[in-house]
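Below is one structure; the comments refer to it alone.
Labels run A, B, C and D following the written order; every chain starts at residue 1.
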């Protein structure tokens, strides 16, 4: 298999999945069988590529030139490889999980759901492999559009409003800032190709752009990539919580938000270049915005009783970690940021899977209602605990390593205030995540009366056929839900031991070509 | 008053008068509230533009570009003698030697001293007049139609009627649906238009 | 000769202003006819007999007839309007000012050295002598030859207008019953 | 044979129009019109190919060479414009019969198709001719036929809209005529290339300046550039659906083409932009127009009117590109003509489908139509995305080109404002999408059926075009770039 074939095949596979599942939409089993098969093939292919890329290969493939100078071209480098690996791997898990969730819920329009899902994965892979900013931007926008029907899946007033905020913020920022930044970059550098060491060094040396301008450009990128959910453009993320849980899992753990922070990292590493940023010092304001963002988001998360909303704000905070890593622009912080993409993806998808499983199994949305639920759903809450540990950044969770590298980055640059922010935020993480499984396992369930009233009050109209779960004995969500979330939880621990490998893989991107 | 200014005024006053005429027509179109008046204004505006063109074609001491028959005949004969064929296409903007030569050859023929006014503006205006009358006809047909539908040709009044119909389109949608089903419910034989009742 | 020109020009201006002021549409139409006729006379003096004839026939003739027959269908009185004439006046003044400004660099009236009379050399008259083998009326020759294509376009315009008028005025019982209903309703209301 | 293609392009629809009248039978007239429009499309494609191979084609009508005779000039720009104008004309005719049956009285059909062909003739004539006065004649042919077509709308507001358009349009045409006259006076010729060669530019004679401004203002009326756009919303709103599809996609574009010709082919950008500050004026007008019209579009209850205002805004983008007068900007302007013709044509075709099934073009009457008319609704979403300029659609290509061109020229505020304004498009497009998908269907909507395939297929062909030309720009951006290079190269 040639290099280019590997690339176009991995782009083609999600599209094939899309076509297949649209064609077989009538019979759900065949449809989901197709999706799973394709997802597995894609993952295997991605693994195969990864072994090559981490060994130093850089496969390339050019699809075509849209306009003179603007190509749709792909080139795999370690950061993108890591992202693609995460995305394609979690696609399998999410698909299995979604089957259980969607069927357990009797959702409508399942074919459209799985179709858009496949399309979003296509966009994620395309973004991961993008060779230049132009391709990245196109993939970014395709993803925005293809996930809109997912967010508004329920088709009601609430979904419409959520979708409005979602599309409104993501499209506006990308058009008004991101696109402008890209065009500006092009007018400065005459190219948009991702180049190790950055492409802006030369224009800066030629004094085509002042350091103020450079800061402005960085701001356009940082805020223009709305998917990175940097405050104050984070509102879309909680708004998108109206979507079914598998979508939230995909959006908040794998595809959408990760494309955002991934793009930020890419821009910092390959467009600005680490040396340029650290020398000019324009990166610091971004680091502080990210620091602010991560503390505030954690604080807000504590106030949320709705589990998905709390997780959403947690995501905003965790994304800010990655942006912070990018902004510090030291080798360690970049590696920390890149690593956190993977760590957080696996951890957060577990948490969302758990949230969905709790909803399917016990019809609970609010944390305060989950008291004592751990005895019914030990696997779910066990997984929740493991994933929380990883997100917080404690061993043996994978997140421990990424946060360690980030902290090293802040120390290296002598930004001790940011070090402090990281520590505070981690404490806050403990405060808003750990109580949930604790309450579930230790807390006493509410009395039966109030309990059932509450549950029915919330859910009766939506799920009339649902018979209330008994309070005693194990009553988990369907196997199709529980198995993936357990696997994901195990992965998040396993990553603790694989961190060294990720470190090695990402090391090349922090090296400037001449040093 | 210095003489160049005076000379200029003498040389250009024709144009100025034409411009005044044009602007009067233009004013009628802009200021009108009556549809027919608008058409009248347009007519005057366009007619004045015709005058502008025709004025351009005039040469002092010239005559209408109609060649006296005897001159034409002599010329035709001369051309026959020089035996030159018709000149087909030649490159843009260049005039071939041949034509200039032929032109010189005609110089001593009878009638060569007649100055003709430029025929081209006339040609253009013949076309423009026809275009103008076509526009007028179309406009008047529309006026008749509007009059049938609204019962008036005063623009203020028409806008009032539209406003009285409620929000734009409100009432029209009913018509639309009627037309959609092709129901003839309301269109009994006595669907004459208001024009009758007015007259 | 000169005073004839002056008289015609003065009359033209007078007629135009009269048309602008008249509220009687019938009279306005008649004056428009007169305007066309005066224009035709001036065109005659300007050595453009063909245009003059056409203008007299079409402008003063056909178009007046068309307008009068329209008036017969629509009523003849223009209602006074409350709108201020300031804006149109301003627009007209600016436009006219621009045009007059534009004339300042124009070749003078009747100047034989004007570009128009110099440029295609040999001139259209001379060319047509050769090409047309002595067709006496140069305007006709031009219409039929060099600018024959404009003439084709002009014919098309007439065809378009003809079809368009048919299209607009043809009534059809299948068509727009709602409008007929509305007209009836309005009549009833007016009668009541 | 091939050397007569340029004239065939005009004569064919021209002759077919009276034939339609003579046939006097709706099916026959329709078949003829359809056939002729497709042949015309074929011819213009052949011309594009020919121009690509052999360069500019000059055709002297009747063998009379300019400056005496009238010359036809097919270069990369005119062949490009003709190609998409005739293409849209042909596709809209395929789409037409159901909608025409529904909205226009049957006895008028043969006349309708004849007028349609005449309009096409006029538009093609404007593109192909190299003679300024001839442009005027063809402009009038297309205008007169479009007035008639617009007046056929179902409501009584249609004849009124047509009349208002007629008055404004005729004023514009008369302005153009004055401009032509003054230019003729200064050059003694009507051939565009000849004028360009002879027009005195040193010291900028006042007459040339005034002539130029009259031409520009006249064309701006026809293009519906912002303050002179007042005729457009009513005309588009009240015309029959098919007519709106055709006119919205082609008529203003051809006027833009004529505008480009006047600026780059006659006046030369050096005079227009360096001597006169036309570029700043046009840029400001365009930007103000974009914002005002887009904002107006947001508040419309009638979808046709919404799209009409959007058209006014989109014309602003074209003007913006043209006024940059750089290869990049001009390419962007030209390619946006093409892309917008596709997008707006497609969207108006969607509106026609809704009008057929729901009997209304008011947004309130479309509530929840996503359930009963899924394909039509999806079509709106697709076309809307293209209008916004989302990547992979044609709209993105034009937006991107315009953006990079603005950047290249260092026109910062323009780039920023342009991007901000495209956010307004998101709002007005999405308002409709939400109404289609997230509202409770009304009783009438619930009863509605999906639009007939005969209309959906041509609509989707056009919409597919917006994707094809969003990815594969050989036949849009490359041709436009060639045209732009030709325009700028021709004038030293």
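Assume contacts are C-beta pairs under 8 Å (C-beta built on N, C-alpha and C of every residue); 3 or more make two chains touch, one makes a residue touch a chain.
Chain identities (UniProt): A, D = Monovalent cation/H+ antiporter subunit D; C = Monovalent cation/H+ antiporter subunit B.
Treat the numbers as computed from the prediction; the structure is a model and nothing was measured.
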item	value
Most central chain, Cα average position	D
Which of B-C and B-D has more C-beta pairs touching across its chains	B-C
Gap in Å, rounded to a whole number, between the CA centres of chain B and chain A	68
Chain B and chain C: spacing of chain centres that average the CA atoms, whole Å	5
Centre-of-Cα separation between chain D and chain B, whole angstrom	25
Geometric centre distance via CA averages, chain D-chain C, whole Å	29
Set of chain C residues in contact with two or more other chains	99, 103-104, 106, 114, 116-117, 124, 127, 147, 150, 153-154, 157, 160-161, 164, 168, 174-176, 179, 182
Chain B residues counted as touching two or more neighbouring chains	22, 26, 56, 120-121, 124, 127, 131, 134-135, 138, 142-143, 145, 149, 175-176, 179
Junction residues of chain A, two or more chains touched	none
Touch list for chain B against partner chain C, complex	8, 10-17, 19-28, 30-31, 33-34, 36-37, 39-41, 43-44, 47-48, 50-51, 54-69, 72-73, 75-76, 79, 84, 86-87, 95, 99-100, 102-103, 106, 115-127, 129-138, 140-145, 147-149, 151, 153-154, 156-157, 171, 174-176, 178-179, 182-187, 190-191, 193-195, 197-198
Residue ranges of chain C in contact with chain B within the complex	9, 12-13, 16-17, 19-20, 25, 28-29, 32, 35-36, 39, 42-43, 46-51, 54-55, 58-59, 62-63, 66-67, 70-71, 73-75, 78-79, 81-83, 85, 87-89, 91-93, 95-96, 99-100, 103-104, 106, 108-112, 114, 116-117, 121-131, 133-139, 142-143, 147, 150-151, 153-154, 157-158, 160-161, 164-165, 168-169, 173-184, 186-187, 190
Complex interface listing, chain A residues touching chain D	64, 66-68, 70, 137-138, 141-142, 145, 152, 155-157, 159-160, 164, 167-168, 171-172, 175-176, 179-180, 183-184, 186-187
Chain D partner contacts - residues on chain B that touch it in the complex	22, 26, 29, 35, 38, 42, 45-46, 49, 52-53, 56, 88-93, 120-121, 124, 127-128, 131, 134-135, 138-139, 142-143, 145-146, 149-150, 158, 162, 167-169, 172-173, 175-177, 179-180
Interface residues, chain C side, partner chain D - complex	98-99, 101-107, 114-120, 124, 127, 145-150, 152-154, 156-157, 159-161, 163-164, 166-168, 170, 172, 174-176, 179, 182
